[in-house]
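Two complexes follow with chain A in common, the first pairing it with chain B and the second with chain C.
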Partner chain A sequence: MSTTIGRRAATDSPAPAKKQKQGQGGSIDRQRRKLLMPFVGPAFIFYTVLFIVPAIGAAWISLHVWAGSGPMKFVGLQNYARVFKDDLFLKSFGNTLLLLFVVGAAIFILAFAMTLVLRDMAGKKMVRNVIFFPHLINALVFGVLAGFIFNPGGMVNTLLKPLGITEPPAWLAQENIFPLIMATLVATTTGYFTTILMAGVDRIPPYFYEDCALAGATAFQRLRYVILPLTWDVFGTCAVLWTISSIKIFEIIWVFGGSSGAGIPPTQSWTTAVYTYVTAFSGQSTPAYGAATASAIISLALVSVLVVLLRRAMRRDAVEF
Partner chain B sequence: MSTLTAPTTKTPPEPAKPAKPRARNHRGVSPALRAENNVIRSIGVFVLWAVVVISIAMLAWMVLQAFRDTRAILSDPWGMPATFDFSNFVRAWTVSDFATATFNSVVTTGISSFLTVAIAAPAAYYLSRVESRLTGGLSLYFILGLGIPAQVILIPLFIMLNEVNLTDSLIGLNLVYIAMSMPFTVFLLTAFFRSLPLEMEEAAALDGASALRTFVQITLPLAKGGILTAFVLQVVAHWNETLLALTLIQSTEKYTLPVALISFVQQQTYSGADWGGLFAGLCIVVLPMLIIYVWLGRRLTEGLTLGMGK
Partner chain C sequence: MSTKSRIARTLAVLAGASLAMTACGGGTENPQAAQEGSTLTYWSMWKEGEPQQKVIAGAIADFEKETGATVKVQWQGRSNVQKLVPALNTNNVPDIVDGPYAKLAPVIGDTGQALPLTDAYAAEVDGKKVSELIPAKYVEVSNIKDADGKPWMLPYSLSSDGIWYDAAKHPGLETAPPASWDDFIKALETFKAEGKVPLAADGDIAGYNSMWFTTALVRTDGTGAFAKVAADKSGAAWDAPSVLAAAKKVEQIAQGDYLVKGYNASKWPAQQQVWANGGAELLLNGSWIPTETSTYAAEGFKFSSFPFPPVSGQPKTVRADFVGWAIPKKAESPKLAQKLATFMLGKKYQDAYGTDAKVLPIRTDAATAPEIASVKKALDSADGVYLQNDGVTAPGYVEKILWPINDELFLGKIKAEEFVAKMKAAQIGYWKDNS
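Let's look at the complex of A and B:
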């Protein structure tokens, strides 16, 4: 400590008042700058070595035919061509898009509707706390529970029986699993996005609503001219968040199928994440690392394009208030 | 429908306390804010409360089923446990090795979350305080990782860790978790440090404290709240992480909870359904999150929503 004081005292004394202040800020700044290595270094190294390098490695591997051991054969973009001819991948990719857009749209409509109701409802804190909680639970749990609730002797069917439905649909039949997964995801994710939207809506100062009341605006006008414009940026953030997280969906699909039988989920419900995992690690066929990473890179490309588009589209008017 | 009458029963206390009517109004429901009570709204309110009730009932139901044996669960999924029979938990804990998995999960989650925050906090501090083209670029570089899904790095990571014998190792898993959490934690903490007032740091610097000391003695204590939030968010994330653990860990004694749960589900295909044990396993996964949520819920929601709103 004493050295820094001494040094500053030395620079201070000859300098005129104005310069003194500059020198002061500069010295703190200079000192801070020296901390670049010790402060940012560890984070930078961890992140680069175990995250960015693998990501670049994935792009490299996707250009090769490789079974994990032995020689890598460079094939250029053939893996991508191969993957796009693979029915399994097309199915997985289609499912990922379904999750992204259909489930996403459902979540947003529901979350926004819930936000509007919640905004001025008694007991909103409690409701908000309860609907947020599923976000903290591993999606595996929902997969397992849904498997139980919908199994032939499960809760849904015992509920339907008194209603006269003695032959309920085979919920967990392979062709029904994916719609069921989509429904489960909507049910378990909506709460999280409602909470985020709520945070945005709550930031709107009350006097805007009071203004609306004075001006005699209808509920729809208030929604159109106050609430929507002022929460537009939050919508954008939510859309980006959903895009990123929907691409990663894996666990729930893995056990949704697992609970109904075989170790690997039925191909009808695969997503690109499942496709990548199975192609590389299932142990049932020779691992095709090239195709697996190609599929992952395609999902990364999808995320990047969508995020860029979303940012472009949502940028239009970030209203300051 | 009784829920709809709740607002009217709640209002009487208001005139009873004329001392500070303002404070009450500011909590949200001022007359101008209140929507007109039309039918659609009533339905909405009803549906919301129904969602709340069903969610809580589901959770309670899951915990209760864990106390019943499989045959009772299957014959009547709506039944209640006759006695609090802990045998499912005991069996899951001992026979199915959830004990080891829980231990592994607790250790991995604790260590990796702590180290994540310990490594990310100084970096975030630097990025929030020093403004130059370099820090701008670095911030962008960290944020970039937010958009990279885990399945992209899965295979190269497996190969790299295999080279240095860190697959099937909890140390390797910890390292991966730390690296993977950097983007979000740095992002969150940078935003948080930016929100702290600069005056105290300047005062400390005027008093001759070095930049390092200013950080340790002034900024860190001020930032306790944000750092705790970041830590808890990482605990939640690492406790639930599945895909990487499933890929990187192979031997049973190193399974983390989600992997153990998956293997338990898949064993059922061969050994017959053990729903009792499964529900016990689900409880072991869910209940710690519930405890954390009840304890630190406000921090979690704020951390996950406030940072996003800005």
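Let's look at the complex of A and C:
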């Protein structure tokens, strides 16, 4: 405490002298400028070294054929052309988009619905914790659990047997794995976004709802004219968060399908992140770092474009309240 | 120009490092000031607690006692070779790594980053030259020689495969294993008639599924047959009748109702567990199966195996993949690393490898556990050997072409003709993009 005061006194003392010359605004500006380097500098250096330089390096690698070590062969944009022509990449890309849009839509519809229900519910704090809980669990756990639950001799089929179902669906068949992953992601992520949205909804002063009640607004009208406009910025942030994280989804796919250490997931459930990883680190064949980085750069470009578009689409004048 | 390329190279290194996010862990261990002859860094593919790890750890302890050297081991697990890739672009490389040939070759062998192990091969272990301890027939298929013809890998064990069964239940298979494909099918039919499940398979492991096709083809057309088909840029090799015949065999297995129910929709190791518990009779899998399934095998289970059914008139071949050591060219203590490698080839440790870890030691004079005696016998008496995926390592070919399409065949979604047509088309596209 005393040091804080001391420091403030020290910075304050030269101020009156400057005040005389330039006025207060200039002094604060100068102080700010002085603080810019020490505060922003380290973060900027770390960010540049750890993110920007590797990203530029990756862009450079993507122009080569390279096994990760040894000689590099420059091939220009060939890797990009190759990746775009690869049906598997297009399928992986399609899966990434499915996660982004279909899972995203499901998550936000559910999250909004839950927000509305939870707002007036008794014991909402407890419920909020319960639905948030799955988000705390590592995706690996769900991947391993999937085996226990859905294996031919697993929990679901054992429970179905007494009900007379002796020919249950092939839950973990290759074509069913991706829908299962999508369902798992909805179940684990909805609680997270519900929590964030609820924080936004809780900010809305109660007299708006009283107004609604007096005006005889339905629940939908209340959502449309009060809750949505007043939580729009929160929703926009959530949408950006989901966009960024959905494009990076990797581990749940890796452990859900065929893997647990002995193999790689079936191509039906690959995303661009998995495609990139297998291309670079499959362990079964010569690494293709050029193609892998090309696919990674394409993902990066995709995220950037989508985030810019989202920000633009979601842009509204902030409602002050 | 030179600065430009230097910057570019630095960027590449950084990017490579960032691509392999997990790789950062080990690099700093290797102190710059280390003296040649005193300290070693070893990245192992084994994890703490695995039987193989215990044998190697014991050997290292003896080595340290004998030489006074310090070996810093990192038990990294199976991703150690992937982690090696970005490290090779820096000066912080391990002095010695171990891994299977199929993983080491594309990363360190083919790229010219491995040290020729001339000293190690010339050294003597238990009164014999190291080069004599490694049977020539294995070296023939595993191209462990660098551009100058010097070996860069020192193998310490082998992985192989076979069709596994419980010899306590089926002593007949031990004395008279199926001598042909028809014999094999007959055996499956007999099991079926007895109301048993003839075959187990973890259909989610594409590498296990593809063993059926590649082995069937190698049986009829010899070692390297699949590699030749895969390398054909025109795809015409897929039109050969023997290729279709091999695919037909897989189709027969997939559609003949021999496989355990749900093999196409389960998660490894569910089905090998079913097999080890007596829920199915046979399992095509690797020589690691006794180690992997012993914890949950039924009581009195006696592991035994016979080779994939042979074709009469063809030489007797068995799969044999090297697991061994390699030393990066940039290693700081290459001499000591080679010394360690040869030390660990001592009979004592090779015996422990065979009897404690229950895998196949490279030395033919080493003892082996009864569980893998059948594979060992097959290997020792084989005329020749072939590699996993028949040695195909072209970037992405196995994961993106062979496995997905072969899965469709083995999981019963397509017929043999469709498999051949799909493979041919995919391969033509592959080589158009990759040549």
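By definition in this document, the second predicted complex is superposed on the first by the 270 of 321 C-alpha atoms of A that agree within 3 Å, B and C clash if a C-alpha of one lies under 4 Å from a C-alpha of the other, contacts with A are read in each partner's own complex, and residues count from 1 in each chain.
By our rule, a contact is a pair of C-beta atoms (placed from the backbone, for glycine too) under 8 Å apart; a residue touches a chain by one contact, two chains touch by 3 or more.
Keep in mind that what you see is a predicted model, and the values were worked out from it rather than measured.
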{"item": "Chain B or chain C, by number of chain A residues touched", "value": "B"}
{"item": "Partner chain(s) touched by A:Ala58 [first = chain B, second = chain C, both, neither]", "value": "both"}
{"item": "Chain B versus chain C as contact partner of A:Gly68, first or second or both or neither", "value": "both"}
{"item": "Which superposed partner A:Ser282 touches (first chain B, second chain C, both, neither)", "value": "second"}
{"item": "Which superposed partner A:Pro266 touches (first chain B, second chain C, both, neither)", "value": "second"}
{"item": "Which superposed partner A:Thr293 touches (first chain B, second chain C, both, neither)", "value": "both"}
{"item": "First (chain B), second (chain C), both or neither touched by A:Ala173", "value": "second"}
{"item": "First (chain B), second (chain C), both or neither touched by A:Met314", "value": "neither"}
{"item": "Set intersection of chain A contacts, chain C complex versus chain B complex", "value": "50, 53-55, 57-58, 61, 68, 153-154, 258-259, 261-263, 280-281, 289, 292-293, 296"}
{"item": "Residues on chain A engaged by chain C in the complex (per definition of touch)", "value": "50, 53-58, 60-61, 66-72, 82, 85-86, 88, 146-147, 150-154, 170-174, 176, 257-264, 266-267, 278-289, 291-293, 296"}
{"item": "Sites on chain A touched by chain B in the complex", "value": "1, 4-5, 8, 24, 28-29, 31-36, 38-40, 42-44, 46-47, 49-55, 57-58, 61, 68, 113-114, 116-124, 126-141, 144-145, 148-149, 153-155, 158, 192, 195-196, 198-200, 202-203, 206, 209-210, 212-214, 219, 234, 237-238, 241, 244, 247-248, 250-251, 254-255, 258-259, 261-263, 272-273, 276-277, 280-281, 289, 292-293, 296-297, 299-300, 303-304, 307"}
{"item": "Interface residues, chain C side, partner chain A - complex", "value": "8, 10-20, 78-79, 81-82, 85-86, 88-89, 102-103, 106-108, 110-113, 202, 204-208, 261-262, 264-270, 274, 389, 392-400, 403-404, 407, 411, 429, 433-434"}
{"item": "Chain B - residues contacting chain A, complex", "value": "6-7, 10, 26, 28-36, 41, 44-45, 47-49, 51-52, 55-56, 58, 62, 74, 77-78, 119-120, 122-123, 125-127, 129-130, 134, 138, 141-142, 144-160, 175-176, 178-180, 182-183, 186, 202, 205-206, 208-213, 215, 236, 239-240, 242-243, 246-247, 258, 261-262, 265-266, 268-269, 275, 278, 282, 285-286, 289-290, 292-293, 297, 300-301, 304-306, 308-309"}
